[in-house]
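One chain, subunit A, appears in both complexes that follow, with subunit B as partner in the first and subunit C in the second.
Right after this comes the complex of A and B.
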C-alpha cells in the first residue's frame, strides 16, 4: 500500500494515525466501494454471456415477438449501464429488484440466505477452531512427528475439491454407515428440518478450509517463534503451552484474521458445489440457477448478500490487524 | 442432468405430454414393477404421508399456474392443487378431469366442455363456467398463450351456462381436447396476481404450506374425482438428480420423480427400492434439414435412417432404459401405426441410396448437439461412428445450450433435438412437420403430408380421420427430416411401500391421487 506508506512518512509520530472513528469509516467506505465495483462487474459479466434472461426463460416454441415483449417487460432492451443504475439506486431502500421469473429478489433470498449464513458461519468457526488447534499442536514441537503429519494432512485436505470430500462423506457416513442423512430437507420455516442434516455439508465445507488455515496458523506461529521475546521465554524455561498462548498466538492473530476472511470467500465458492450435492437450501443453488437463467438482478442480489457478509468479515479482519499492528492497511 | 429447462418448459407449454402405451403395451418390464408389487399387498388402503422429490431450481420457483414453469417441483405442486380440464390418459391420450365430458360441433370448430358434477374449490364454492372462462383467458393472455391454446382466440372462450364452457377454434380440430391437458389450471374468477400463493384450487390435495419450492399438501376430503388415499404429500425440491437419488437411497424420501437412468443403475442392486420405467418418455431425434443443404434429397435421409444401429443406440446411449423407434414421432399415441414395419440397419442399401443421390462422401458433415439432457451428445457421437460404416463422415460439434437454441435449432442441416411430449402423432405433425409449423425443425414442406394432416384433424368422418392419420405416419416414415432411433424411458425410484404410482410418460407422472402406501 504505497499511498498509506507515503502518508505515514509525511506524518511521523503519534499523529500518523487518523482518529479511530475516521479510520474505521475510511475502511468501511473502501469495502463498500469494492462491493459496488463488484456489482458493476456482475452486470457486465452477465451481459457478456450469450443470450439474456428473456431467451433463457422462454418456452420452446414461443414466438420471437413474444420473447421481445418479455424482453421489454423485464427491461432488458435498455442499456446495461442504465439497468445497473436503476438497480443499484434501489439498493439503499432494500429493493433488490425482480427475478426473471417475476418474484421479488428479496423473497427468493429470504429463505436461502439465512441458511447459507448459518452453514457458512458454522463452517468458518469450525475451520478456524480446527486450524488453530492443529496449527498450534504442530507448532508445539517444530519438526516433530505431529508437525510433519499435520503438514502433509493439511496440504492434502486443501488440495481436495469440495466435490470429492462431499462424495466421500456421503458414501461413508450416509450410504455405508447410515448414521447421517444424505441430504437436507426443509420444513415450513425454510430451515433444515433437523440439526444432523447440517453435519455432512458442514464437514465438506470445513475440511479443505481447515487444511488451508492450519498451514497459515503454523506459518504465522513459526514467524513468532523467531521473535526475541519468544526466544527469551523459551530460554526462561516457561512451559510450552504458556509460551504458545501468551507469547506466540497474540502476534499470529493478524495473519489468522486475514486468512479467516479469505476462507469466508472460499467457503461461498465451495457452497455452490456442496449445497447442490447435499441439497442444502442455500444461496449457492440459487446463484447457479440464476446464472443459467442470465437473471442479473438475482445474481447481483446474491452477490450483495454474500458480499456484504464477507465485506463485514474483511472489515473486522482489517480492524484486528489495525489494532494489533497499529497500521492502516 | 436428466431434465432441463427447455424440456420442462416445453411440457409446461402443455399442448401435450404424457402418454398411453405404458398401461397397455408390454413395455420393458422393470423387475420390481409397482403394479405387480401392489398386487401382493392387498387392496389399496388409506393413510400416510408420501414424500416426493422433484427436480427444480430454487432460482426459478414460480407459484403462477399459468406462469413459465421450468421446475418439475412447481408443476407437481400446482397439478396436485389445481385441476386442468383434461389430463393425459392411458386408453385414450386425453382423459376427463375438471371437464367431465366434451363434444364438438359437426365442423369440429366449436367444442363444449361440461364441468364435472360436484366440482368445488377448496374453500367450498362450486366451480362455474365463469371461473373456467376467466382462467383460460388468463392463460391465453400469457406471453406463450397463443401456443398454449393454438387456434383459439380470447373471444373464442365463452360460458354457455353455469356448467358449460365453449371453445371456438379458428380451424376444424378434432384434437382440440388434447390442448386442454397440462396447462388449463382453473382458479377462481378474479384471483389477483398477489393472491396466487393462497388461491384455492379444485384438485385432489389442498396446500398446507409452501416454502422456497417445497410444500406440504393434505387430502381434499371433498374431491369430486373420487376418494384420495394419501393423507398428505410432501414435495421436496432437488437441484440435482444425484442428490435426489441419494435421498431416496437413504430413505429420506419415498419417491424420486424422473430421476433418470444413472440413478436407476445405482439402485439396481437395492432390494428395497423399486425402479419404475415409464416407456416413451423422451424422444431424441436427429434432425436432417429437408429444405436445402446436403440432406435435401430424400434418398440421403433414407440412407442415414438405414445406417443407424438402433439396438446399439438404445443399449449404449440409454443404458438399455428405452425402446427402439421407427422414425415416427408420437410413439405413445394409442393410434400409433404399429403395423408399419420396423426399419432396420442396412448398410448396403444405404450406400446404394447415397450413390444414387450423388451424395458427396468425401466431405465431413457437422452434427450439432448440446448437453441439455443426458445422453443427447452421446447419441450424436455414437451415430457418427455408425454412419461412418455407411461411408458418411460426420463430425460431432457440442454447443453451449444458449448458442444451440439461438443459432442451430430450426436452421442447421444436421442436429439433435429432443421432445418430452410423445403421446400424440398429431401433436408432432402440427408442431414440427406441417409446412406452416412454427417449429418445423427440418424445414419440411410436403403437400401430401399437409393434406393428410388436415384430413386427420378436420374431416367430419372419424373413420376418414383415422385413415388419414395412418397415411400421415406412412409419409412421415418414408420422407420426413427425422431420424428417430429410440425412445428413452422415464425413470422414477420409489421406496418399497409405495403402490400404484402413475405409469404414464411425461407429465402423466404427476397424477398421484391413486397412489397409496402399504405400511
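Right after this comes the complex of A and C.
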C-alpha cells in the first residue's frame, strides 16, 4: 500500500497533501487513535454500571470478606484510569487482560472467535457479491422492470431485522422443506459439525445487507452514468458490459468500499441475534454473558476485535477513495 | 453525491402525490390496526386458554403460546408499545439531529466535531451499545432501549441534516441575515429550517424504520420489555422452542414485524426522492 501511495505523491496535487507514505501512515494513526478513544469510552461506560465484576460473579453464600478479597485479586480496587492504562498498554503484545472469572480473555475468545469470523466474512463476501450483481443489473436498465423490482426488494430486505429473516428461513427451509438443519451442532473441535449448518445463519445475516448494499451500488452507478466519459462511451457504441466494468464500476468503488465497512458493523450486531437463534458457537453468546457479569476486559476484548475489523475496512475504504479520487479526508 | 444527478438518467422521477399516498397506505393501515389492536383482542393476554403450544382451534384462532395464552390476542396487543417506542425514538433523533445538524452547517468548527463523533460511533456496533446501556439501567425497560437508540442513532442523522443544510447555509440570504446581526437561533429556525422539509420528512421515515429494528432486536434479546408483556419480538423469542408444535405462535408475530418494517420503509422511500447515501464518513 505504501509504494502505491508514494507513486501518487509524485503526481501534481493540491499543496495540502502530505507525501505518500506519510499520508498512508497518517490515515492509519488517525484510525488507531479513534479506536483507542472508543475503548476508553466503553471502559468508562462499564465502570458507570451499578455493581462490579466481583459482585456479579460471587457464589451463593459467599461472605462480604470473600468478595472484597476477590475484588482485590481482580484489581478492581485500583483507579479506573490506572486499570485502563494497564490494559491498553498490554494490547500491542496481544494481551487482552483477564476475565472476571480469572481466565485470559484471549483464551475465552479464541474458541468462538474463528467461528464468528468465518460466518461474518462469508456473509460480508456474499452480501458484496450479491449487491454488486443486483445493483449493476438494475443500473444497466434504468427505470426498467428489473430496476424497479430490485429497488423494491432491496428496500424491503434492509428493513427486516435478522431474527425475522432467520425465522422465515427456518420455517421454509428447515420446517417445511426439510432441506437444512435448524440448529448448529458443534463438533469436537468447537466448530460447526457440518457445512450445511452454516447456510441458514449465513443467509439470515447476508440478506438484509444485500438489500442495503445494492441500494448503495445502484446509486453510485447512477452517479457514474452521468459523467462525460461514460456518456462518451455510450455514444461510441461500446457494449454495455464493457461500459459497466471499465467505465462505471471503478468510479463507484469508493462508495461501495465505505458501505462495506458499514455492513461489517451491522453484521456484528446481526451475529449476536442469529447465533442465539441457530445455537451457533460464536462470540455472540460469550458477549451476552460477559455484559451480565460486568466483565469489562472481556467486553472490551470483543469491542477491540470488532472495532479493529471495522477500522481496517474503513482504512481500506479511505485508501480506495485516495487512489481513485486522489484526495485525503 | 445525493440527488445531484438529473432524474432522467437515474430513471427515478419525482414521485407524484398520489403515488406517495398509494405506497404509504399499507403502512398507515398497519399502524392503525396495530394501535387499535388492544381493543380488538378477543381474550385476555395473560390467562391460559389452551394447552401450551396448543394448535389453532375455535377458541384460539392462532393457537396457544408457551403457557397456552391466546396468540391472536397477544398479537393484537403487542404492536402498540413497539410502534410507540419506535415513533418516540424517530421523533427524538430527528429533533436532535435537526438542531445539531443546522448548527453544524452554520458553525463549521462545531461541524468538524460532529463529524468526528459520527466517525467514532461507527466503530461501536449498535447492538453492543444497546446491550451496554440497557444493562447499565436494568429497571429502565423500554425507556433505556429508547435512550440507547436515540444516543446511537443521532450521530449519523446529524450528518445527513448537516449535509443538506450546508448548501443552504452558504446561500446569499442566510449570509445577508447573518451579516445583518440576526441571532443564531433565528438563522437556524427561520432561515435554514424551512428549506429542509423534504430531508427531514425522509429522515423521520428512515429513523422510524431504524427504531422498529432496534426496539425489536432489543426485545428479542430480552433487554427491553420483560416476559409477561405481549411484545411481537419477545413472542418470537419465547415461542421459538415450540415452533414445531404451533408454528403460528412464531410465524404470526414474525409476519407482523416483517410487514411493519417493509411497508414503513417503502413509504419512507416513496417520500424521499433522493437516493440513499452511505451514512458514513465520506
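Couple of notes before you dig in:
In this section, the second predicted complex is superposed on the first by the 310 of 329 C-alpha atoms of A that agree within 3 Å, B and C clash if a C-alpha of one lies under 4 Å from a C-alpha of the other, contacts with A are read in each partner's own complex, and residues count from 1 in each chain.
In this section, contacts are C-beta pairs under 8 Å (C-beta built on N, C-alpha and C of every residue); 3 or more make two chains touch, one makes a residue touch a chain.
Quantities reported herein were computed from a predicted structural model and do not represent experimental measurements.
After overlaying the two complexes on the shared chain, residue contacts for A:273 are found with subunit C alone; subunit B is out of touch.
With both structures placed on the common chain, the touch criterion links A:97 to neither subunit B nor subunit C. Partner contacting the larger number of subunit A residues, of subunit B and subunit C: C.
In the superposition on chain A, A:143 contacts subunit C only, with no contact to subunit B. Contacts of A:111 after superposition on the shared chain: subunit B is touched, whereas subunit C is not. By the touch criterion defined above, A:170 reaches both subunit B and subunit C. Contact with subunit B, but none with subunit C, is seen for A:295 once the two complexes are overlaid on the shared chain. By the touch criterion defined above, A:265 lies against subunit C but remains apart from subunit B after alignment on the C-alpha atoms of chain A. Judged by the touch definition given at the top, the superposed model places A:161 against subunit C, while subunit B stays out of reach. Residues 49-50, 170, 175, 276-277, 287-288, 292 of subunit A touch subunit B in one complex and subunit C in the other. Note for the complex: subunit A touches subunit C at residues 34-35, 37-38, 41-42, 45-46, 48-50, 142-144, 147, 151-152, 155-156, 158-164, 167-168, 170-171, 175, 215-216, 218-220, 222-223, 225-226, 254-255, 258-259, 261-262, 265-266, 268-270, 272-273, 276-277, 287-288, 291-292, 299, 302-303, 306-307, 310-311, 314, 329.
The residues of subunit C lying in touch with subunit A in their complex are 1-2, 4-6, 9-12, 116, 119-120, 122-128, 131-133, 135-136, 209, 212-213, 216-217, 220-221, 233, 236-237, 240, 243-244, 247, 250-251, 254, 257-258, 261-262, 264-266, 269, 275-282.
If you check the complex, the residues on subunit B that touch subunit A are 5-6, 9-10, 12-13, 51, 57-62, 64, 67-68, 70, 143-144, 146-147, 209, 211-212, 214, 216, 236, 238-240, 242-244, 246-247, 249-250, 252-253, 400, 402-403, 405-406, 431, 438-439. Those residues of subunit A that touch subunit B in the shared complex are 49-51, 55-63, 66-67, 69-70, 99, 101-103, 108, 111-112, 170, 174-175, 178, 181-183, 185-190, 275-279, 281, 285-290, 292-293, 295, 298.
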